């Protein structure tokens, strides 16, 4: 239903480019989206799982988690971009007519993501993921200048290739499952697959899983397939970047997780896929240290940190211990909130200063104190500093590393995280203080602080985790570790 | 108008802080009298959904350090009440200061009270964070920002070790609670135990400022506003030492002998390096910061002696070492925060931290000078004030340790530690004579100093109160000893009464010494009263006396610099302008510089290596899509081949 | 694949492989495109044949769609872009043609090696076909990696796509229609978008040489 | 009642102890000067000259530098008092110290340190060059003497297994005088005392050439009673060091006060002789050597420290514990 909402909204956007019209339509769509989505999530969490239309759409706790992330971030980002895109048009960066296309693609994008988390069929899921790629390509290249085109090109080429690997993997899975579930859609249904996982032909499945992890991994942005990510994130309009790294990456990860739950039950055993994920996770972490330490472009900085956090998530899920998975699921949520917030605030900062180069941004605290405060919160949140929630989640993931007797890896991971923290702190301090260049027009409304709401949630979750959320997370853990 | 408002806010908040401290002291006094310790916590969730407690606990050990913290809080807040006035006049918003001030104090309480690894890490990190923001408060100066950055990064790297150790113990014992760790520690293999110990040592040692993890300390303590420096130097450093007792002494239990040796040697090294670098400093606050490193070193020696005595089960020496440790902790907290406050007064009066520009301040700010004089008497470990008696007991402990050893080279090394302590004492006299003499005595060396005036009333009151307390602690040793009993009763098993009896003598000696000295001085003064006095010019071979003729701060300790040139890596550069002939000297430029040995040989290469690595990594992303596709292809093939 | 005899199958596979190799080897974009068209026709014929033998209407439908959509529309689209951009030669980078052939051969071997465990499976010619499919995919990736011109990269993607269809053909006797349609639709849209992009590229850089676009670094 | 009696006697004995030391100190100074004169083939001033100087200076008017503060006037008093405190822990002729107890050997050094602190501060008071020079050098020398002094005493403490000077003196009675560690420790203490007394080769007590003086440099601004006090306390310090040395070289002749008046007198005489001999020895040494450069001082004191360490090692070796 909310997919419908999204699609209709998208088409509706094309009708007219009047500001008021767009505003109205957007907010209407958001309200509907929130209501229907919220209701679904509630049903899902109450019943443990929830189907719609004879199971064409189907949600369990895991999908509910992703669903909530998508909706929250969508609301936050679109509300922000209403003002943001206005400014862009005002500053003649974009023609007014392009606004409707902007919203059209955004909503298509959201629709595809909703499809991804709502379908119980791995094939359809693949279609959805590919759909997200196509929907976002033009958004990435939205400014149509050289760099934008370059970014879009790299994005679409790399992701398409990656995705086609995933398709091959899916086919292999189909071949493996067909003998048991028949030559039909059910052969790709992740409700059925875990039941017969143990009978799947290991060779076919192994090949399939490998192709899929690499394929979707490209989309998630595991190193070394991450190379499209910073370009796309830095060139896209900031709200889009927020959506990309706060939601899209998670959706791709979700696809991998579906496979993960099945793979754990096959003859290959949980370790096989777990090791792959851990490998990718650590590699991503280690490489990102370098990129983050020496970064000059603030949006790329955030993009790389997204890669890093995807690495952390992969690590957490790959470990497969109760606590680690719990932490990872929590971290997925928290990272989405924090990163969206950071992209939004940095986006407005870039808009104000007109540059993305860290060395050229100075003295934020003097000129825009509120922006500064939000950025400080964001900095602490993204680097997992207590008392922020990210600290809790990362700690659980790390303890998972120790539980599975990798003290050395654990130590290294903490070290990487610290170095990344050092990098972030260094860049942000540079931007906070020093004497601002005269060009900036000072002054901002207190309402800037409102942008920090997600971070305050993260902060709160760091100090106290309500029972309900905890139960939900435990359900997620059960889904991931225990199959159905 | 706004100014008035902020003034009232300042007074309100700071006096609130003081009142809280007072209330805390009263509460602490009552609790430790009744001796029923609190142990409670907050409910929160873990991955298993099982309930765990964000738990805290108060026992004698905690209580002692709580007293330290509360005293520090009270005095520094009282001082800040006056100190912050300057910022108000500069129209600099004080809110960042207030917020972080309270949060910093709160997190320190948290660390002291924490009873499980998780809450320990949480509060510990917060402590670093908020102190970082406080150091960053005067962020207009680029140098200060750099100092703050170094500080936070170093503490974080230290925290890496702490986190690793905590998680390791957690996974081994299946719980975060300290008790469980304590009971689980014996089950660890020796190697694991040693590794955990080393992790704790590095992690906590960095915060405490042990050499070679000390380089952040002088930067941070001198960059921070003076009330903050006095709090960091007086209290935060002690919190780290507290954790040594909590996590190593009580939790990991009696380890192998080399733990003690490590403490002893690192302590000796820190004491020596710290005071040596202090003696050649000419920055008012950096000097004090380095002397903090020295005192931490002395405390480290005390810890080492205690650990050694414990593993040689020589109870008497252990008791002495512990008493010395706590006594010195108390004294250093009082005196160092006092000195930082006086330094703050000087800085506010003259707006310079450079000793070479000060001089003759005693006449301009007499009350500050009085406090400072008492401060240096105490900090240089000279009788009659507290610093000395702590070292006396430490000497005794080392001596007893040596005497009761059956054999081994330890019998030579331990007395050498005494020698080091004596050397450190001598150096500290030189250091603080320089600090006090150059800034307060003689003639003003620059115009800024001539305009200096006495500081605000509370800024003078707070230090003098501390002086009173310092004197009292010596004058009434049995009370101090009663305070020391709190932690001792936790740390050691056998009866505490014995110590009280045994230590009664020397500590009563302390009071009698003080009394006698004052008595004698008074008598002498009275006897030498008669005779008339006349104020004249200083004799200068008949030539007129200019301020530049005084010994400079650099010159005063130059012999030390020359003697320890190797250690300090000090080098001098003299260039004279001889007008034509070899005999008439027009002008002479002298320039002496000191290398930060540890920064140059330990940290710089590390950073350089890291940056090099990072640049190498960044080459991966150099823009060609062909390359990226290549990565993809290679990854697929590699994964496929590994996977099969 | 009952029906189509083993030999025929192998013959088709040989055609596919050689066409793939010659795409990698070809020095003009035009040639590469032609070879690719041939290959696509072969694949679609394969699917059609299977459909006819088993008279599964949907499979036939897919085959026809394939024939029209891919062998028909896409080449036309690409040719137009090609004409606009007046590019004839595939820009070689990293590997010259000869060496690239060698590499392609190596990749083929890897493909066969990777699929060795599947020999055990019952279906006839299964492993062989899958190996060729994977080999084609690798070729596509290789092509994209070592050629500069945007269109050639597109051809690479299409090559990969063929490989996947081949794989689909072997793995899934007619994959669920929904997925088939979905994937094909995606490919079409994808190509359209890529064409749009390459037009924008022409506007910005007035050439299709991808190698100009390396401003985003680090 | 008994307690009161005990306290009173203790007090009286303490006062006697101090009085004795105060009386003897200038005499010793005079004696040393005389013996130096003897080696220099001069008549030299009378032994009682120091008393006269003190009396004269106590009467004189006091000149105070315009830059000086109250610390300038306080210093001589505190210095004198602190020296007396040091005197309280030194076992006197009959091996009894008023303020003896646990670890008082540290008190001795520390009290001297207190004197040093105030003197060096006073040196900076005058805002002149020479005072600063004196302070700087004094600090330099001081930081090297302290470890040596302490280590030397510590070795003795290990030999006698007590950290109280009184106890050490008592139990050194029955340690053979040629016990190697003892001799080495003695050498250490001897060299340290030279430094502490400000004598050649460390410093020259008689010079008033600004560029060479250390101790005198700090006193340069002082006149009248203050100077008298400072000189007096210097003489007292000298006496204390000599007593310390004598009691360690040859503590025999310690007689408890119980032996009645005669016994005490005899002990006094005996001790006096010992001190005089030692004083003569130092005078001789001083006449034989020349003052060294300041940066030679480390060598001198390093030697003394080294011998202290040697003493320690040899002690354990002899006791067979290494």
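Letters are used for the chains, namely A, B, C and D, taken in the order the chains are written, and counting of residues starts over at 1 for each.
The definition used in the following text is that a contact is a pair of C-beta atoms (placed from the backbone, for glycine too) under 8 Å apart; a residue touches a chain by one contact, two chains touch by 3 or more.
All figures in this text were calculated on a predicted structure; none of them were measured in a lab.
Peer 1: When B-D is set beside B-C, which has more C-beta pairs in contact?
Peer 2: More C-beta contacts join the chains of B-D.
Peer 1: Indicate the whole-number Å distance between the mean C-alpha point of chain B and the mean C-alpha point of chain D.
Peer 2: 36
Peer 1: What whole-number Å value describes the gap between the mean CA coordinates of chain C and chain D?
Peer 2: 101
Peer 1: With chain centres taken as the means of their Cα atoms, state the distance from chain B to chain C in Å.
Peer 2: 70
Peer 1: Please work out the Cα centroid separation of chain A and chain B, and write it as a whole number of Å.
Peer 2: Chain centres of chain A and chain B, defined by C-alpha means, are spaced 45 Å apart.
Peer 1: Got the chain B residues that touch at least 2 other chains?
Peer 2: 618, 621, 625, 629, 632, 636, 640, 644
Peer 1: Would you please write down the residue numbers of chain C that are in contact with two or more other chains?
Peer 2: 114, 117, 141, 144, 210, 213-216, 218
Peer 1: For chain D, write out the residues touching at least two other chains, lowest number first.
Peer 2: none
Peer 1: Among all the chains shown, which pairs meet the touch rule set out at the top?
Peer 2: Every pair of chains in contact is listed here: A-B, A-C, B-C, B-D.
Peer 1: In the complex formed with chain C, which residues of chain A make contact?
Peer 2: By the definition above, chain A touches chain C via 123-124, 126-127, 130-131, 133-134, 137-138, 141, 144-147, 149-154, 156-157, 160-161, 164-165, 167-168, 170-172, 174-175, 178, 183-185, 187-188, 201, 203-204, 206-207, 230-231, 234-235, 291, 294-297, 300.
Peer 1: Which residues of chain B touch chain D once you look at their complex with the stated criterion?
Peer 2: 359-360, 362-363, 369, 373, 376-377, 380-383, 388, 391-392, 395-396, 399, 402-403, 405-409, 411-412, 415-416, 418-420, 422-423, 425-427, 429-430, 433, 436-438, 440-443, 505-506, 509, 512-513, 516-517, 520-521, 523-525, 528, 530-541, 545, 547, 549-551, 555-560, 562-563
Peer 1: In their complex, what parts of chain C are in touch with chain B?
Peer 2: 93-94, 110, 114, 117, 138, 141-142, 144-146, 148, 210-211, 213-218
Peer 1: For chain A, which residues are in contact with chain B within the complex?
Peer 2: On the chain A side, the touching residues are 153-154, 157-158, 161-162, 165, 206-207, 209-211, 213-214, 218, 224-225, 227-228, 230, 272, 276, 287, 289-291, 293-294, 322-327, 365, 380, 385-387, 391, 395-396, 398-399, 401-403, 407, 410-411, 414-415, 418-419, 421-422, 425-426, 429, 432-434, 464-465, 467, 470-471, 474, 477.
Peer 1: Under the touch definition given earlier, write down the residues of chain C that touch chain A in their complex.
Peer 2: Touch list, chain C to chain A: 114-115, 117-118, 120-121, 133-134, 137, 140-141, 144, 150, 153, 157, 160-161, 163-164, 167-168, 171-176, 178-179, 182-183, 186, 189-190, 193-194, 196-197, 200-201, 204-205, 210, 213-216, 218.
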